[in-house]
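Before I ask anything, let me first share the structure, which is written out below as structure tokens.
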Amino acid sequence: MIKVAINGYGTIGKRVADAVAAQPDMEVVGVSKTRPSGEAYIANERGYPLYIADIEKKPVFEQAGIAVAGDVEEMLKKCDIVVDATPGGVGKANKAIYELFNVKAIWQGGEKHEVAGISFNSSCNYEDAYGADFVRVVSCNTTGLCRIIHLADEAYGVKSVFSTMVRRGSDPGGIKKGPVDAIVLNPVTIPSHHGPDVNTVLPTIDIVTTAMIVPTTFMHMHVIRMELAREASRDGVLDLIRKHPRIGIVKGASGITSTAELRELASDMNRPRGDLWESCVYEDSVSVGTNNELYLFQAIHQEADVVVENVDAIRAMMKAADTAEESIKMTNEALGFSAI
Amino acid sequence: MIKVAINGYGTIGKRVADAVAAQPDMEVVGVSKTRPSGEAYIANERGYPLYIADIEKKPVFEQAGIAVAGDVEEMLKKCDIVVDATPGGVGKANKAIYELFNVKAIWQGGEKHEVAGISFNSSCNYEDAYGADFVRVVSCNTTGLCRIIHLADEAYGVKSVFSTMVRRGSDPGGIKKGPVDAIVLNPVTIPSHHGPDVNTVLPTIDIVTTAMIVPTTFMHMHVIRMELAREASRDGVLDLIRKHPRIGIVKGASGITSTAELRELASDMNRPRGDLWESCVYEDSVSVGTNNELYLFQAIHQEADVVVENVDAIRAMMKAADTAEESIKMTNEALGFSAI
Amino acid sequence: MIKVAINGYGTIGKRVADAVAAQPDMEVVGVSKTRPSGEAYIANERGYPLYIADIEKKPVFEQAGIAVAGDVEEMLKKCDIVVDATPGGVGKANKAIYELFNVKAIWQGGEKHEVAGISFNSSCNYEDAYGADFVRVVSCNTTGLCRIIHLADEAYGVKSVFSTMVRRGSDPGGIKKGPVDAIVLNPVTIPSHHGPDVNTVLPTIDIVTTAMIVPTTFMHMHVIRMELAREASRDGVLDLIRKHPRIGIVKGASGITSTAELRELASDMNRPRGDLWESCVYEDSVSVGTNNELYLFQAIHQEADVVVENVDAIRAMMKAADTAEESIKMTNEALGFSAI
Amino acid sequence: MIKVAINGYGTIGKRVADAVAAQPDMEVVGVSKTRPSGEAYIANERGYPLYIADIEKKPVFEQAGIAVAGDVEEMLKKCDIVVDATPGGVGKANKAIYELFNVKAIWQGGEKHEVAGISFNSSCNYEDAYGADFVRVVSCNTTGLCRIIHLADEAYGVKSVFSTMVRRGSDPGGIKKGPVDAIVLNPVTIPSHHGPDVNTVLPTIDIVTTAMIVPTTFMHMHVIRMELAREASRDGVLDLIRKHPRIGIVKGASGITSTAELRELASDMNRPRGDLWESCVYEDSVSVGTNNELYLFQAIHQEADVVVENVDAIRAMMKAADTAEESIKMTNEALGFSAI
């Protein structure tokens, strides 16, 4: 059993913990929090030993009826590998302690590529992470772009990509971040930094991205235009997507035309937390122009798509599965997940 | 086994179907839809026979890969009781056909009291529905008001109630209804119609309500002020709430101060669809003034609180449980539900 | 003086009325409403004779203290030209009566091209409307696209355009339309109908568009990618925009990165209703790729950009100005409008 | 001429500057900013000398084409009185420098009562500020509560007040603050701090308030319930409101039922920035219960209602008008403002 610790039991961390706990070859040896919160109670309920960043706060937790197992250092002693899911920018500072305790570590997309030197997406570059000590799972948006671009590139060759990402302003459980009523260019400059981030996984892709933030919580929406090198057809592309274990299709017949209806469907399917681990391509949007330009919309569940990637990253780094296919299959099956 | 049909498999209907299917003494003999949709696929997946309002549309469903069992009349032939969860105002027109097929029927809060003559909340007036043919389960807001007012009334006597309801503009899966950026008085006039609706269940309560709609999807929020006849204490009120099977407490130590964080918690608890069947009283808000005025905030999950009430209404009407306590216990246990 | 009637005194109509009233060569002879409302009081205050669609409702208006001048037919008798700003789809049915009363007519973008046979944007095809009886001013989005594409096309030649439009869900004064929390593909299919609509004004442009709706009220946002035929530079493009009378530049130094801050600026500038009649290109977004692809973001104030186009259309149809330049100059000066 | 400086030219400061500039007995000698922004350009355009907090940033402003007159200390040398409209909590620290430069000062509601020792609302306690050196104009919400409570108290005697404030999450020009999709209790505890804040102006009023934040930008909404000591009638109350120079009535016949439509009306009226300096009571909401409980809804334009109060505070402190009536009349007339 691979002993996994999750440092930072928040939006991403709590999902990674549950996904790890569901795997036959992994166990959660601890999760960490900084403050009492609804999530801390959940950690207790799930039976995940709860460690805290600052042990002096132990009485505060206990007064709230939350059991504390120790501090983060103790957690690190117990694990083979740590998934760092602290807020963006915080994780970097933890590298020293991970080295000190000699544990492998995975960071999230809120950290820079340099923190690990290897940026990861299981469908694209599983082998790069094989046996590695430090890996960064790219952000939710980059994950979504990498999956579909790599798929198209393998099949048809991708000459260039232009994508606009319309991003959710806040996660559904957030109450502080806005905007309330605005479309915010983030960044104003074109291209945005998302293209270069794709290049940390797929270095040869020619990509220009633009991004904005809007007042919604459920998912990001990507508009993608790719110039393909070889002839493609709409049906061919849809077939490829259908076979991909991490990209799903939003059927035209479902009548679903939005992010909200899509999350409603996931919720109706009894997915835990209504999570969509797959990229969701709208069937009716897929079209191929006369010069082999491929167009499509895909919705990305920001809280979920990277979760399964973290599980695969663990396997790659621990050499617990030799190929991406093998790990992806194990991960998906353990979650009862087959793409919509 | 009580044979239950659900006419109108939408926001409320799909939840009632799952709750009924979970009961040891009930089974879902059919659900109905008017158009192919994400929900129709779910009905098939769950194994609920899917009936359609207009049988001429059968080919449209089948082309979308959705199996159809027949028309609504055939569904009515198979059931002892039908839960009508068609959109507000539509249900009334179905009464004639329910009478024709000689089935008992339950309507939702979108219909007027007169459609059934009995308005129902299991914690308040279970006995009124005992053996009845037609019952209306009151709306989500009225359900939330009835539960807490009746509890306070039994314990302390309620001299008067003043409540403001801040309502969600649209359900999370909705994309058409607004507002986008407005506070809408609905109605502008004071008092609103919600007070008289409470009186259909609790006829003697002196209540004034006001209501508005805001751009949010997750839950309604109620501010309640009750003048109590007998002396009350904050701790006493909290104790009463803790014992109530359908009212939960949002712990101060959880740090939760909003509707969004509360739904996040329900989602983390793996509640199906993140549903909160209970009214959710914010612990830190409960306070008692010098003249025995009780103040509190409670959040109401509009899509969920009436679901368990529908299950109890079925039992009352079918005389399948003699008391509210018995039915509530069965309903809650079958769902694995104990209030937060 | 050109006698102008405005049929449909709503979001667009009330702005056109004020813009017409400000012109030295035009006067408002009447505006029309169907129901008493805040806007009806404003018409009275401004001194615009108020006509009503259904004269039987006169008492309802008068009881509300709103003076009524007569019915729409009487209004049509008094005017040379009517601007139809009734809700999308309603205007078409009015054509017969305009023909009957022998008045020239302008429709808005909510009507199909066929209603008039000429679709108009003053910077692009003023001459097509010269002396015409029926003209359609294209929608706010199409107006925004036409202005910038035509500008680039004249200067550099436009080989192809790809644009994504992120549209506001509701106008700020609206309370019914959503979405509250969703990104809605509208339409799901790619390309959207906006490209062909651009072609009604600029028939030779090769354009693919995609569109979605988000929960905001202030403005639409366009991401535009154009392949240019001839070499272009960022500075060259910015210079062209600076000289355009209907396209403004959102200065980088202003720190403005959103639609909301932009409307705040217009409001601070004391523009009536905070209106931005110009397309607003974000200076920092303008960039030119290695293959002469031009990228930029522009914000479009949906309620305002077509207003000045309507004024120019009146002049063209009435032969009151011989060239676009002349009319645009008159319109802008009368409004005290010079692009940001 | 009273020489007025505005320290902090943001949402409130820019409005106070324009209102001061419109007064016959006052002039704006300077406004201050910390960073280049859209508002800094506006200050230049209006001809308000622009001072900056940190003079080392002068080149940054000048590079952006914004003229700088000097630093804040120089501004203070030129004025008789300073209106501090820096962000909440910042203003307090400025007290020392105001004392040093021997200028009178006004703070806003984001500061505590203690900063000035006198909390002000011109309709309630003008005389308390007469000749004073330091005054705090209470917050937008407290201003709204004070106006109506004092009016009712003078006419009927107010025995108790219970009010719920549904507050906007962000100002319309804001892009950072949320929530996006939540109702946030702020605070969770009942009563909120707004009641005691009313008591800084009206010390004897018995008041309990509750407050929450919702995802909207335009206005706050107050639900108010007052127990009156003496018999009141709906018409009597409406008459009183009609005569009040700072409370307006939203006519039932206007069809306006929301905050958004109300701001649209103000915008249509050509109010600068669409500002509603008056509290806006919804005519149809005003009702009186059998025990003389007065109920009403009022909308409060958070950015505007305190602006006119600042102008009156200046006159009181400078002894430029002897009574509230006199100052209010001057202020309103100079702005062309009569309540809706």
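So that you can tell them apart, the chains are marked A, B, C and D in the order they are listed, and the count of residues begins at 1 in each.
In this section, a contact is a pair of C-beta atoms (placed from the backbone, for glycine too) under 8 Å apart; a residue touches a chain by one contact, two chains touch by 3 or more.
Only a predicted model underlies this, so the values are computations on that prediction, with no experimental measurement involved.
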{"item": "Between the pairs B-C and A-C, the one where more C-beta pairs touch", "value": "A-C"}
{"item": "Most distant chain from chain C by Cα centroid", "value": "B"}
{"item": "Rounded Å distance, chain A centre to chain C centre (Cα mean)", "value": "42"}
{"item": "Distance from chain B to chain A - Cα centre to Cα centre, in angstrom", "value": "35"}
{"item": "Length of the line joining the C-alpha centres of chain B and chain C, rounded to whole Å", "value": "46"}
{"item": "Shared-contact residues (touching 2 or more other chains) in chain A", "value": "172, 174-175, 179-182, 184, 215-218, 257-258, 260-261"}
{"item": "Sites on chain B touched by chain C in the complex", "value": "168-170, 172, 174-182, 184, 215-217"}
{"item": "Interfacial residue positions of chain B with respect to chain D in the complex", "value": "162, 164, 166, 179, 181-191, 208, 210, 212, 214-219, 221, 223, 225, 252, 257-261, 282, 284-287, 289, 293, 295-297, 299"}
{"item": "Residues on chain D engaged by chain C in the complex (per definition of touch)", "value": "14, 35-39, 41-42, 45, 63-66, 172-175, 180-181, 217-218, 251, 253-258, 260-261, 263-265, 267-270, 272-274"}
